[in-house]
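Chain naming follows the written order as A, B, C, D and E, and within any one chain the residues start at number 1.
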Amino acid sequence: MKLFECVLLLGLIVCAVSVGFTRDLLTAIVIFMSYSLIMCVIWVLLQSPDLAITEAAVGAGVTSILFFVTLKKIKAIRKEEQDEPKEG
Amino acid sequence: MSRRKDNYETSRWRQFMQWLAGEIDPLTAAKVGMIQEKAETLPDEKMERGKVSTLQATPGNESDEREAHSAAAQAEKAAGQAKSAMAAEPWLNQPSGESRGLRLYRRFYQVMSILLCMGIISVLLWTIAYLPIFGNAGNPDNNEVSARYIEKGLDETGAVNMVTGMILDYRAFDTFGESCVLFIASCCVLVLLRIDNDGGSESWKKRQTEANDRIFEPKNDIILQKCACVLVPVILVFGIYIILNGHLSPGGGFSGGAVLGSGLILYLNAFGFQKAERIFNGKIYQRITVSALTFYCLAKSYSFFTGANHLNSGIPLGTPGNILSSGLILPLNICVGLVVACTMYAFYTLFRKGGM
Amino acid sequence: MLVQNFPFFSIVLAMFSGILSSVLNGKQARNVSLGVIGSTIIMSAAVFFWCLGNGESYTYMMGHFPAPWGNEIRAGVLEGLTALLFSVIMLLSVLGGMRHTFEDVEPSKVNLFFIMIDLMLSSLLALIYTNDLFTAYVFVEINTIAGCGLIMIRQKGRSFSAAIRYMIMSQLGSGLFLIGLTLLYDVTGHLLMSPAKETVASIEAAGRYEIPMLVILAVISVGLAIKSGLYPFHSWIPYTYGYATPTASAILSGLVSKGYIFLLMKIFYRVLGQENVIASRMVNVLFLFGLAGMIMGSVHAILEEDTRRMIAYSSVAQIGYIYMGIGLGTESGMVAAVFHMFTHSATKALLFISAVGLYEVSGEKKDFRSLRGAGYRNRLAGVGFTVGALSMVGFPMLSGFISKLLFATSALQSPHKMMLTLIGLAVSTVLNAIYFLRLVITLYGRAEQVAVKGKQRCSFVFGGAIVCFILLNLFLGLMSQPVVRAITEGLEMFD
Amino acid sequence: MASHLLYNIEETVAMILFGIGFTMLLLHRNLIRKIMGMNIMDTAVYLFLAAKGYIKGRMVPIVTDGILDASAYMNPVPSGLVLTGIVVSVSTTALMLALTIRLYERYHSLDLDQILIQVKKEEGS
Amino acid sequence: MKGNMILLLPVVLPVLMGAIALGGKGFRGNRPLLLGVVFTGLAGGLLSTLLAVTGEAKLRLWQLTESVEIGFQLDGVGRFFAVLTVVVWFLAGLYSVTYMTHEEDESRFFGFYLIVLGVLIGLDFSGNLITFYVFYEMMTLTSLPLVLHERSKEAVSAGLKYLFYSVAGAFLALFGIFFFTAVLGDLTFVPGGVAEAASFRGKEGVLLTAVFCMVVGFGAKAGMFPLHGWLPTAHPVAPAPASAVLSGVITKSGVLALIRVVFFIVGPEQIRGTWVQQAWIFLSLLTVFMGSMLAYKEPVMKKRLAYSTVSQVSYILFGLSLLEPTAFVGALSHVVFHSLVKNALFLTAGAVIFQTGWRKVEQMRGLGRVMPVTLGCYTAASLSLVGIPPASGFISKWYLAQGALSSGCGAWTWIGPVILLTSALLTAGYLLPLTINGFFPGGDFDGRELEERKLLGKEPSWQMLLPVLLLSAGAVIFGCFPGPLLRMLSEIAETVL
């Protein structure tokens, strides 16, 4: 059990570092989602189920959705900006 | 004799002499002198701050015990980090034309960030070495406080799940502040992203971008709709279960609310805004949030007031184990669940479309 | 006793009015918030005089369970006085900037502005009264988000960049503060301040966990220093105070940074014990940062052309004063720091509000040339700014002079820091004089070009707020004797 | 000293994550990365806090079949605090993301330094 | 508010009248009402001061902090300076009534003129160092509008320079005040010094630096060397009555400050023979010599008189720095004579500008034909300043020289009198040429140019002439019958040294 936990913790660090150094934002967000999921599993290992559910629903769920929507919104503004100069 | 400096006219010494002689008005002239100075003072001001941080180091290693070093190291780290924080600002003043300075500066920026990261991690790891061992029963934080929560938790709060009991009864003021954090965050996002159509060309343009947003929405994507038909009811039931059983099994207001929220978001994504607005629009959102928070506020102030003035609050705790037990905790869980669900849903719609 | 409930009532009332005004429109929300701030003034005055009367502080259990289990808030003479002064200044700032609030903010979002004002008030009161560390962290978060909301309410490009910078630096501060809290909980096992104090005392006696205690002290002080804008971490202040609405910048510069310093003092006194804090090197570090802030803040202010950013930089210098007072490590140093906190919040709010009055009559431009002769066009704002500038410079009979006097007397008690303090005081006073009096002279210089809109009739509310600020300043300057006595008494019963 | 670090592996990882998150928040120029850094920093602190509450060989703090003895369960306080903390970090993330959208709408850039240059230029003119 | 209230009257009345003059919108045009207000202010100030000065009086106004209170206390020095200020102020006020006709915005000038009078009387009456500092700061700020009255570009920059020099000086002195409040606590003036040597046991070094800072800081107002730069720029810009009063009376507030600090707080014993006394003597002598040298070659009339003020006030500072009774009496007597003479000189310069518009000294050839009586008074006053026996200057210089010789401060005993004599010669060098060119313009001068400008025999009106006459007559009479004045001054000297 302890080994499994160490592997997960190592995975956490790898995710955290790779979020910093990936070029494309979308992959960064996906890695961040996986970071939250690993954290959720660690909560279960640390015998605190309340936190696991909350982290799953709030951390992995809503935060990642918000990140995706922000990225979508930015892509929409960038696309609209490219259309405008053409018509303008 | 010394060659006269080429820019003698604009040199500050001459302006100073003029000021002394009282010919020029120091207000306007001061501006001319200042602008040249600005570029020079900023770099040397950074060296000056460097001196300040080294200044702190000297009192540190005067007394050679180890903790003095850690304080100085810590202050060094803070000053180092401050230098980089400040580094962002002066770099702006130099026109970006000087590419050489820029490149040198960016490398300095990189080195500084790695150094700072290593510094903070090393200080914190060094402190961990002196902290109590992970997981052994004798740790200082396993003291009479948690013992009472466990032993008397059931009969004082009636909650089987001690964590919820602690959150909503023993340390209720934190959670009360907590829901206010969520409320103020939703107000801020409302300020930023809500588009009000109270006339004016500017809001028409916003309405136009909103229509543009619908283009991205998958129109009646059959696969998504079919999955949603299966998934959404399950998610909503699961969310309601978590909220209602907050005081019996793990979960509670926050997590249940988030699950409900994501269920609503899935429904919105699958069936589009028209259908979602039929059951859940701006007005309902506002009413639910305000009524839930008001009930929460009144219930909690009642229990604080009675507690502080040693009156016994006549709320029955019920028999532990079944749903209608543990006094106020159930209704509070429901309120928090509703608030969190509505806020998560509102976040999503505001981000997507700037309005319910 | 009913008075004992007042701290709890004021916090919950402010919060409840915030929640309620989300369904009201702009005007109703304003009336609700003014009513709430007014009642908070009355309640905190009652708490202050009651505690002064019976001479010791009391703790108020939030809920049915006593100290180490349930949550509690603690009210005493110093808390009552600070709450009273903060709510008075908040009321005057809201009144002073009222016209601008309704001009700058979209009509449909004015009630959101007043929600943020109410929650800012409730979080400030909670920071003053709370006796629990994690509640302090939660209300620090509320304060930060409400502050960020106040900055960005103008919805202009510049206010967004100021808001994002403010959020980033504050999150750094809160992160450090939270890690400090966690370490403290880990070492002592308590989150409530009073039980934590006994455990810390026993740990210091047993000599265990020396390194963690020192790092806790360092991390918490650096975290709260970042949030209150001490010198090396001040890069966000000029943009934040420069671009926000007048009420927001008055409240942010006057009250918010003071709330964090008050929390830091509570942690020094009630958790870590004042003797341990003085024994560790951290006090010297705060002293040096404060000293650097005093001088470099004024130097930046002199180099600044935009007058609003100049006032912002001068508040960096004044926060440097407060940290120098705390850094002196003596009892009278702390009294001087607290008194200077009150002086600075009163004077800075006056300066910001009257500066806005001056910009109105000089075509909304903020540099020196356009402000020339503005003192004649908007006479009351000119007088208000002059009184604020003179108090900041340390003109006798005004509050600035008394706080400088207190700093000097306390400096003489700590022998090896005395010379540094006195030199720092003298140099920064002269620098203050340079940039403030230069602006005052321009205000009353000869206006070459005719003013853009001529002399508007400045609204009665704005005028009333300025006059009350001037009276508050004069009160702190002339009647400083009872205030100083109350502060000393408050500090004695503080731990 | 090093052996001690291996004992409480969770706290060490938490502190490393805190360092990474802190630096990412402070020094990365892209706004979205800064926000992710802030989230990583917060979750790291909560990991540290929850790890402190864990006691080997004890049950989850939910009363199971009537045992009320304190030595059978873990310490419930840290998980209570972390529960509150997670929602705080969600609210701050949502606020900063909304700010990023409005900033991008106004300045068409996610790089904070570019934005500040444009602000200075626009304010200078 | 304990103590007799009469002390408060001379301070409040002028300030009130000044505020009325300033605030009154109604004065547009009807000058008599304005003049009425100005006269009641001046006369009220004069009478109430003379009334208040008689009794032994003490008045506690306000308790600022536990050890510091705002209050008045009347003693010999305060009485002496108050009477001098009020008399000179009244005469200059009388003069400015006509002079201000050709300057615009009179009500603002008269308003601040009266407020500064009230503040000055408050300064003389103040009972402790904090009250003194309060009025000192107020005086700087209220006298500023007098300097930048014309609000032209040079006036504003000169005003700004005046403000910066005095504010820098004041804050330098503030450093000393902080030190004393911390160490001594109660700062009420006690002749011979509040402090016993015991209370400064550990901190001699800091005490001396504090005293030196206060000497240099308050010296700024008295035009002593390091911070004297504002005087030559402020005077040509200010209107004549303002510059007369500025150099005649306001510089004396710097002198009063030094007297109060050295003789009433620190006590002469603490700094006798220390490096502070040496530095003070050196600085004052340097200023004496430098002032008269600069005045010697200065073409503009008012600037020349400004430089002469710099050197003459440093005579007084030199007298004080010797810490010796006869020199102290010489210094105080020079205070009286110098303010009388300097006011007379500045008022004549104002009259010349008012009548003929001449500002430079060479233009003033043949002035004797234009206004013989005024030039006569000018000559009498400058003779007194140079120190020719029948006039009053001689007496103060005599006492100063005698005090220097018997003061026993090493080499200064002979360097001092030598420098005094050389600068007396230089004073003659820069004051008397005007009289010589005025009365005996020399052969090639032909009055034609004066005739077509119809300037011959154009004396200024009696309101302007009377003050000048009184002042120069006073300068001469005091020279002939110095008895009562000197007796009073030596009484003060005994109490202090």
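One rule holds for everything that comes next: contacts are C-beta pairs under 8 Å (C-beta built on N, C-alpha and C of every residue); 3 or more make two chains touch, one makes a residue touch a chain.
Computed from a predicted model, the values in this text were never measured in an experiment.
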Quiz item: Which neighbours do chain A and chain D have in common?
Solution: B
Quiz prompt | Most distant chain from chain A by Cα centroid | solution = E
Quiz prompt | Geometric centre: closest chain by C-alpha means | solution = C
Practice problem: Count the C-beta pairs in contact for every pair of chains, then give the pair with the highest total. | Solution: B-C
Exercise. Determine, using the mean of C-alpha atoms as each chain's centre, which chain is farthest from chain D.
Key: E
Quiz item: Measuring from the mean C-alpha position of chain B to the mean C-alpha position of chain C, what distance in angstrom results?
Solution: 21
Quiz prompt | Gap in Å, rounded to a whole number, between the CA centres of chain D and chain B | solution = 9
Quiz item: Any idea how many Å lie between the Cα centroids of chain D and chain E?
Solution: 69
Self-check item: CA centroid of chain A to CA centroid of chain B, Å
Solution: 16
Quiz item: Going by the touch rule set out above, which residues of chain B reach two or more other chains?
Solution: 26-27, 85, 88, 124, 131, 139, 141-142, 145, 149, 161, 163, 171, 174, 178, 181, 184-185, 188, 192, 250, 252, 254, 347, 351
Quiz prompt | Where chain C touches two or more other chains at once, by residue number | solution = 134, 138, 141, 145, 148, 152, 155, 179, 185-186, 438, 441, 445
Exercise. At least two other chains touched by the same residue of chain D: list those residues.
Key: 9-10, 16, 18, 20-22, 26, 51-54, 58, 60, 77-79, 81, 83-84, 86-88, 90-92, 94-95, 97, 99-102, 112, 116
Quiz item: Mind pulling up the chain B residues that touch chain A in the complex?
Solution: 161, 163-164, 209, 212-213, 216, 242, 250-252, 254-255, 258-259, 261-262, 265, 344, 347-348, 351-352
Quiz prompt | Interface residues, chain A side, partner chain B - complex | solution = 48-50, 52-54, 56-58, 61-62, 65-66, 69-70, 72-73, 76, 80
Quiz item: What part of chain C is in contact with chain D in the complex they form?
Solution: 134, 138, 141, 144-145, 148, 152, 155, 157-158, 160-161, 163-165, 167-168, 171-172, 175, 178-179, 182, 185-186, 191, 239, 306
Quiz prompt | Parts of chain B lying in touch with chain C, wherever the complex brings them together | solution = 26-28, 30-31, 34, 37-38, 41, 45, 48-49, 52-53, 55-56, 59-60, 63, 66-68, 70-72, 74-75, 78-79, 82-83, 85-86, 88-89, 123-124, 126-127, 130-132, 139-145, 148-149, 156, 169-174, 176-178, 180-181, 183-185, 187-188, 190-192, 194, 196, 198, 286-287, 289-290, 293-294, 297, 301, 303-309, 313
Quiz item: chain B touches which residues of chain C in the complex?
Solution: 4-5, 8, 12, 15-16, 18-20, 22-23, 60-65, 68-71, 106-109, 112, 115-116, 119, 122, 126, 132, 134-135, 138-139, 141-142, 145-146, 148-149, 152-153, 155, 169, 179, 183, 185-190, 199, 209-212, 214-215, 218-219, 222, 225, 232-233, 235, 280-282, 284-285, 288-289, 292, 296, 299, 303, 305, 368-369, 438, 441-442, 445
